[in-house]
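Structures are listed in the sections that come next.
You will see two complexes here that share chain A, one where it goes with chain B and one where it goes with chain C.
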Partner chain A sequence: MARIELRNIQKFFGAVQVLKDVNLTIEDGEFVVMLGQSGCGKTTTLRAIAGLETVSTGTISIDGREVQDLRAADRDIAFVFQSFSLYPHMTVQENIAFPLRAVGMSQSSRDAAVKEVAKVLEIERFLHRKPSALSGGDMQRVAIGRALVRRPKALLMDEPIGALDAKLREQMRAEIKRLHISRNSTSVYVTHDQIEAMSLADRIVVMHAGLLQQVGTPEEVYNRPANLFVAQFVGSPVMNVAEVAPQSDGLSFGSGAVLPVAPGLVSHLPAERALRLGIRPEAVVLSESGAAGLLESRISNIEPLGSHEIVDVVLGSTTLRARTEPGRLRTGAPVWVGIDTERAHFFDADSGMALRRIA
Partner chain B sequence: MADVITRLDPTSRAAARGFSDMTIRNLFIIPTIVFLIVFNVFPLIYSLWTAFTDYRASTAAAANFVGLANFRELLSDPDIWRNFTITAKYVVITVTGQVIVGFGLAMLLNRKIPLKGLITTLLLLPMMLSPAVVGLFWKLLYDPSFGIINYFLGLGKFEWLAQPQMALWAVALVDIWMWSPFVMLLSLAGLSAVPKHLYEAAEIDRAGPFYTFFRITLPLVAPILMIAIIFRTMEAFKTFDHAYILSTQPTTELIAIRLYKMAFLEWQTGMSSAFAYIVLIVVVAITNIYVKYLNKAKAR
Partner chain C sequence: MAEVKTKGEVIVNRAAIVAVMLALVVMLTPILWITATAFKPRNLATTVPPTVMFEPTLSPFAKLFTKRSQLREPVEQEVYDAAPWWEQLVFDGGEQVVRNKKTGEATPSGFGGRYLNSLIVSIVSTVLAVSMGTITAYGFSRFRVPGEQDWLFFILSTRMLPPIVVAIPMFLMYRAVGLYDTHIGLIILYTAFNLSFAVWIMKGFIDEIPREYEEAALVDGYTRLQAFFKIVLPEALTGIAATAVFCFITAWNEYAFALMMTSRNAQTAPPYIPSQVGSGLSDWTVIASGTFLFLLPVAIFTFLLRNHLLRGMSFGAIRK
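For the complex of A and B:
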């Protein structure tokens, strides 16, 4: 297993800069998920670690050894591709044994290693089938088996379950987590799916436009987003972001709607800067009757989602989305809205950066 | 446009769409079938009949049915077996040469190189030329007195086409030169169809270039390469034009040349028809073997 360090990584494709000074340390045995939209540079970073992509500047070290100039074959890492990349003309057995055979391992050792991996991944009964005769989930199991069979220093996965259906994704997610725990392998996983990231990661790396936006535990990324991008990218439904102005009696949402909040909250906010309030739907408080700290509003829409409902409430010139238990409220009915100030985030409107939380 | 068509009456609708099925039948299908019957089916059946007769197209004498006599005579003629041996040798040399050169060129072209399109087009030129023209100018190139090959190789007055042992190789070299581009073209199509991510997976799996070539590239290109081999084998068996022009040596007398002589110089029409059928059966048999391998390769 290995510690991976990226220092000042930059990557240009022609004139386009896709990685802008990426610095990241992945600890031995850690499961790091790189999360971001398409084109944010997460796959390029992963491919650079693997050696499938060269970097323009910067260093990549695996266990203290600089590898940025080494071929992929010499880095001793394994890679699981989104497209599975199984060799179509070989059986499952031959596919998994390929990395062992390529380095001249004896047949008996190969067979034993394949058998062990196949058992862990529960693909023993497919060993003599061709990949084309397997389902998507089984193909990905084989791809993971091929990656694990030679006990690499690190396991890199590029959206490995992105091509599977929702149910299978959930199942495979659990399997990947189980494998990681049992093998304690250093794993780097790329995805655009925040649920995958939250459920798998020891640490999440949120990327946008070639830059690392935040590196932290799932709890940190969710509860203490570093900037507006992270705030709105992580979480479903997305965090409410509203333009607010602090006033002596509360937060103004425009059009005369002022939400009363504790004076201590607003007094610490910089009055001279344009601000954005970030509040997760579960931190928006709804009540059928008025009380201190609540502002009367109306419900414009309700999305029933079975276990809970997403309720849209109009507050001044903004609509906030709140998460409530099902069947409690009706569209058009009056409602009193408040926010859980402990879970309110404030961002600088110009830079998008989070303002330090007030005590 | 679709709206306009549906508003028209049926006849105008057909006209607006283009030709009616009947017009297509009359204009294209019937002439093709007539052409096929007159120039392919009829000669095939007629020659099958003449193969069992002593017919000679140069005389007015009526054809007499001789049964299997022509086939018996041909198969017991050591000269015919010699022709077959020469042709087999020629097929092996040319097809092997074309596969090595063609596949090699395709491997070189299947990477990022400057002027790739132009180079590919230039490499394809030989197969676009007439075989007779190719025969004529290679005859000049091989010429012992003023041929450029001897000049460049410094071989003096080396007789490429008159030396019995060298002549077949010289004729085969021309075929390799002419038809390697065909194998190259098909191989290139096969190589570019191998997904790039498989090579990336192989690199991650620590496979060296040779291992990758023999375990990934070759098996995946094999079906299309097999098609190229089938085509070239069938064509090589029928080689006539440039071989006839280049050499008159008995060591280069391919079956097509022997057949031509038998049919149009000796006017043994019945006998040559029988010979043509023997060649046909041999080619079909060999092709079948290849097709079996092709299906096996595809199944892999």
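For the complex of A and C:
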């Protein structure tokens, strides 16, 4: 197992710069998830670590050894593709043994290694089938088996369960987590699915436009987003972002709607800059009666989702989405809205960067 | 999968079967005719109406492979009995084998050697065209080649004019460099004919093979060349088979250049068979037996590769 370090990685495809100075250290045994939209550079970063893509500048080291000029074969890294990439003309057994044949391992040790991995992944009964005769989940188990069989320094996964259906995805997610815990392999996992990222990662790397936006634990990324992009990318439903202006008696949402908040919350905000308030739907407080710190509003829409409801409330010139227990409120009924100030985030409107209270 | 068919679909289906059967009759009748004639005694070959029931004989084949002349009078029984089986077959066909005056050995006709020439030239040029085409196609498919589109168009453009247009300059060139009437000359020519075709067809097949297979092999510890041989080639087998069949048929059937570029040593079978039509009284059974033998390799080759061909010809139509 290994520690992977990326230093000042840049990558150009022709004139297009897809990676802009990526710096990242992945600790030994850590499960890092790179999260971002398609085209953000996350897959390119992963392929650069694997050696499937060259980097234009910068260094990649694995356990202190610079590998950016080595061939993929010499980096001792395994890769799991979204398309599984099982060799169609080989049986499952041959597929899993394929990396071992590259290093000239004897037939008997190969068989033993394949058997062991197959047992862990519960694919023993498929060993003599061709990949085309397997279900999607089993194909991915075989692909993971092929990756793990030679005990690589690190396991790289590019949306490994993205091609599966929702139910199977959930199951495979749990299996990958279990496997990681039992093997403790350094893992880098690329996905655009924030639920996968939150549930699997020791640390999440949020990428956008070739830049790392934030690197942190799932808890940090969710509760202390570094900027507007991260704030809106992580979390479902999406974090509310509203244009606000701090006033002496509260936060103005435009059109004369001023939400009274404790002076301590707004006094540190720079008055001369345009601001955005970020508030997660579960931090929007709704009440059927007025109280201090609440502002009367109206409900414009309710989305019932079974376990909870998403309620849209109009506040000045913006609409906030709130998460409430089901059946509590009706459309058109009067409602009083407040925010949990402990969970309110403020962002600079121009740079998008989070403003943090220094205290 | 069980499919429920409507009445209309059943009718369309049956009509299609009838149409296919009609087409088969049209296409297979000449082959049946040639095959029948190849085994007929000479006097039954050109009867009107055609003889359908006859006792098959190998006499036309024996005649095909030997140099012979007309029998002036019936052969004596002793001579007939003393002759080897193939010579008896020639006697059966109403002719006698021409023997060398000094050694007394039978003279073979040109057919055997030319048939062998056909096999050598076609097989070698097919192997060359398909292997070079596969490697070239792999390069175009997987790497960024400067001016890729222009190169591919250039390769395709070699097929845009009828080859016979360049026959005379080729003939002069070949004579000047000593390639006239050599096997290697014909092999180069047919490889060049087929190469552009092979590149384009193979590029289509290789484009269909996901790059991830090779990338998986690369991270699994193999070099690109190993990945090519262990992963790409087995995956491209269907395409290689289809391309090989087409290249082989082209080389095997080629007539015009074989006629112009060769004379004695390297001439292939296609120019030989029609040359027998014109020499004196045509013996159609001998021509038919030559044609029958000429059909065989292509039929066998195609039959052996039929499974690959079926998949190969519908490539691109299958969703991955």
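Simple rule for what comes next: the second predicted complex is superposed on the first by the 357 of 359 C-alpha atoms of A that agree within 3 Å, B and C clash if a C-alpha of one lies under 4 Å from a C-alpha of the other, contacts with A are read in each partner's own complex, and residues count from 1 in each chain.
The definition used in the following text is that a residue touches a chain if its C-beta (ideal position, glycine included) is under 8 Å from a C-beta of that chain, and two chains touch if they have at least 3 such contacts.
Please read these numbers as outputs of a predicted model, since none were measured by experiment.
> With everything superposed onto chain A, say whether chain B and chain C fit together or clash.
On the shared chain A, the partners clash.
> Check whether A:71 is in contact with chain B, with chain C, with both or with neither, and answer first, second, both or neither.
Both partners.
> Identify the partner contact of A:163: answer first if only chain B is touched, second if only chain C is, both if each is, neither if none is.
neither
> Return first, second, both or neither, reflecting whether A:146 touches chain B, chain C, both chains, or no partner chain.
both
> Look at A:50 in the shared chain and tell me whether it touches chain B only, chain C only, both, or neither; answer first, second, both or neither.
Once the two structures are laid over each other on A, A:50 reaches both partners.
> Counting only touches as set out at the top, which of chain B and chain C does A:102 meet: first, second, both, neither?
Both partners, chain B and chain C.
> Let me test your reading of the model: by the given contact rule, A:87 touches which partner, first (chain B), second (chain C), both or neither?
Both partners, chain B and chain C.
> Out of 40-48, 76-84 or 94-102, where does chain C collide with chain B after the chain A superposition?
Of the candidate stretches of chain C, chain B runs into 40-48.
> Under the contact definition given at the top, report the residues of chain A touching chain B in one complex and chain C in the other.
Shared contact residues on chain A: 50-52, 71-73, 77-79, 81, 83, 85, 87-89, 98-99, 102-103, 146, 150.
> Spell out the residues on chain B that touch chain A in their complex, using ranges where they run on.
195, 197-198, 200-208, 211, 215-216, 219-220, 300
> Please give the residue numbers of chain A that touch chain C in the complex, ascending.
The touching residues are 50-52, 71-73, 75, 77-79, 81, 83, 85, 87-89, 98-99, 102-103, 146, 150.
> Can you name the residues of chain A that touch chain B in the complex?
Listed in rising order, the residues are 50-52, 71-73, 77-79, 81, 83, 85-89, 98-99, 102-103, 146, 150.
> For the complex, which residues does chain C have touching chain A?
For chain C paired with chain A, touching residues are 210, 212-213, 215-223, 226, 231, 234-235.
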